[in-house]
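Just dropping this structure here.
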């Protein structure tokens, strides 16, 4: 009987392996090859040369920094705002269900669709924000043309889209907290802030960490938004690792190096998520110690 | 009970049936037979293996060793569908999204029975279980008792070769349980097939079954009629399991004496003890008045608290508890086995 | 109040797009011209190819990806839920890890697959990688739903003589309809949203799905300011999804929430 169950799982598992494991394995091989226009697009083994190149590639490290900066800012904003929204939606209010759905709409829209919209909103000088500013007599903000600001605009657009996802996740977590805990706290005269710190946050920790892990992994791989909103500019200041890998493959036709970049990015992703997961383990133990 | 040779026995037969999972033995070399039309109760505390045994008979779990034979053929290796058994689960397991009618007919439909025949069987069973008015309802709209009837109907409609019931009354309230017991017994006996009934409730077992098998940690402790188990228990465990209030046990050297509460008499402290009787002095610490009977808790200095069942309350605080020596059951203090030579009271 | 802020924050950008889409380009560039116009929409709908083509393509890919995912995920989730704790847990953990994986990292390998197996510019072929990417979440959701069904129900059906296929068809799947709907919707949403793989597998303009089509529109005019057309495209591109969200809000939300809890 047992083997029949495995048979049922086989097609799905096969596709999963083909989608996730096989490409990574392929990249591993490809990163030891040179396959580009220079080699007439045929793979030539060159050992670790690609990796050396990666290590010395200023643009790669610049992009790493930019991606990390983007992810850190984006995830922080999303976690804070998401928590706020979740707390808001946790209250029994009229029209809560509709509000919840509406707040989820940003997440449901394709990134590229709204990125176009953001291009317009951030436009200097005709976008609504700058028009408002000029109407108030303030200087316009060059959202998409100043390297120091553009990445912040990207963070804003990303936060707009994914905060609802985080909020929904945290809301699910909030709703698992038994109401009597809050009632007991109220009886003891706890302030809202104390309730938040002593009850809500500790019990929400697993969900917070799941949301963090998910969003971190996704933010590190940001591609759609950057490509459509800024194209990596201005002057490559918003270029992300994923975009760099893409350019290497599609524009420079340097497939070997592209694979190397992607594996490098993946390694960084694993490292960061691994650290976050360890923090989770540690926090669970700490939480258990609190009891 | 008809019993022909081993190949031809027409009921259910378990031979040295065992199920082991990892290091645990859930069912330990269990053997018994159930004749057609007979109801056998599997009785015991939680974890004694009664439900595990039932699942083995049904074919839901694999057997580690031993044989299950039904109607003369070896069904041990057959999947449930081919064993022609019907089972009523503790939770009834009615399909929540189907009407009562569909719950009953789904099996037959998928087996390819002719529509006319299905309808005939449906009408018959619906009438039998008095469910006609409820045929379109979904299980969620039924009461506990009604759901039980649907579960029974679903089992009956298959005209199985064996009936299995897993604590089907435990989800009903006490009053309903008592009222339904007689009805259920009549219904089950009328099917003419062997019935195995799992319960942890001794009253249910005693009231419903022809014979009772007491199980403990997967092993059969004793198999017999309710009377023989009660008056002639094979060991301390069986003696303690049957009987309410529980049998009193007092130490006597290397033996333990089992004293049924209803066989003890309460008299004034210090009364003279007649020949062939034994007695203990004690203090009345508590009395439960239960309408038709009284349970007196008497604390004796060395033996602990004895429970005495009588129809009226005994007067006084200092009492003497006494019994006919012939009424006492003797057990080995160490392993709980019943010692030969003590008969206990016979049914009068 | 906070609720109002939330509403504004969520709807603001989209409402602005809606507003802009009806304003003539001149007005948008600040040159004073008032009025409303349907020109942008006309431009899109009559363009080459008409904008609705993209929506249609996305719908085709979405439907086929959803079907493929469900067909693969249901048996797998069933087996996982029945296979016993230890083995299930490791597999489930791996599957859960796959959910967080950024899909974009796969595009190169998938590009080569598309090339080697001539799958490029074939809408239905897209459902393969999409199904692969959506399987983890679908499996998690469906497995949880299977586990929620008391095993006695299936055992009763087993004793009644139902085969595995019959049990799935008549007992298990009907009881799991909400979870199946949620999973399907999430897959459909993903397909509409997906960009890098569609970008690399589809080059013919008339085959583009919505996401790469929007990107192409964005990239195509760098020096002019066709923001009215942009806005109209945004509105048209968003409309189906907004509709979907509103119609199926409960299923989508419960699907996400379940995914969170089981994660």
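Here the chain labels run A, B and C in written order, and each chain numbers its own residues starting at 1.
Just so it is clear, contacts are C-beta pairs under 8 Å (C-beta built on N, C-alpha and C of every residue); 3 or more make two chains touch, one makes a residue touch a chain.
Values in this document were obtained by computation on a predicted structure and should not be read as measured data.
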item: Any chain that touches chain C and chain A; value: none
item: Chain occupying the middle, per Cα centroid; value: C
item: Chain whose Cα centroid lies at the greatest distance from that of chain C; value: B
item: Chain A and chain C: spacing of chain centres that average the CA atoms, whole Å; value: 17
item: Whole-Å separation of chain centres (CA-atom averages), chain A against chain B; value: 61
item: Distance from the mean Cα position of chain C to that of chain B, given in whole angstrom; value: 56
item: Chain A residues within the chain C interface of the complex; value: 2, 4-6, 8-9, 11-13, 15-16, 18-20, 22-23, 26-27, 30, 84-85, 88, 93, 97, 99-106, 108-121, 123, 125-126, 128, 131, 160, 164-165, 168-169, 171-173, 176, 207, 210-211, 213-214, 217-218, 220-221, 223-224, 227-228, 231, 242, 245-246, 249-250, 255, 258-259, 262, 265-266, 269, 273
item: Residues of chain C defined as touching chain A within the complex; value: 2-3, 6-7, 9-11, 13-14, 16-17, 20, 28-30, 72-73, 75-76, 78-80, 82-83, 91, 95, 98-112, 128-129, 131-133, 135-136, 139, 164, 189, 192-193, 195-196, 200, 210-212, 214-215, 217-219, 225, 227, 230-231, 233-234, 237-238, 241-242, 244-246, 249, 252-253, 256-257, 260-261, 263
item: Chain C residues touching chain B - in the complex, by the definition given at the top; value: 150, 152-153, 155-162, 166, 170-171, 174-175
item: Contacting residues of chain B [partner chain C, same complex]; value: 58-60, 79-81, 85-87, 89-91, 93-97, 106-107, 110-111, 154, 158
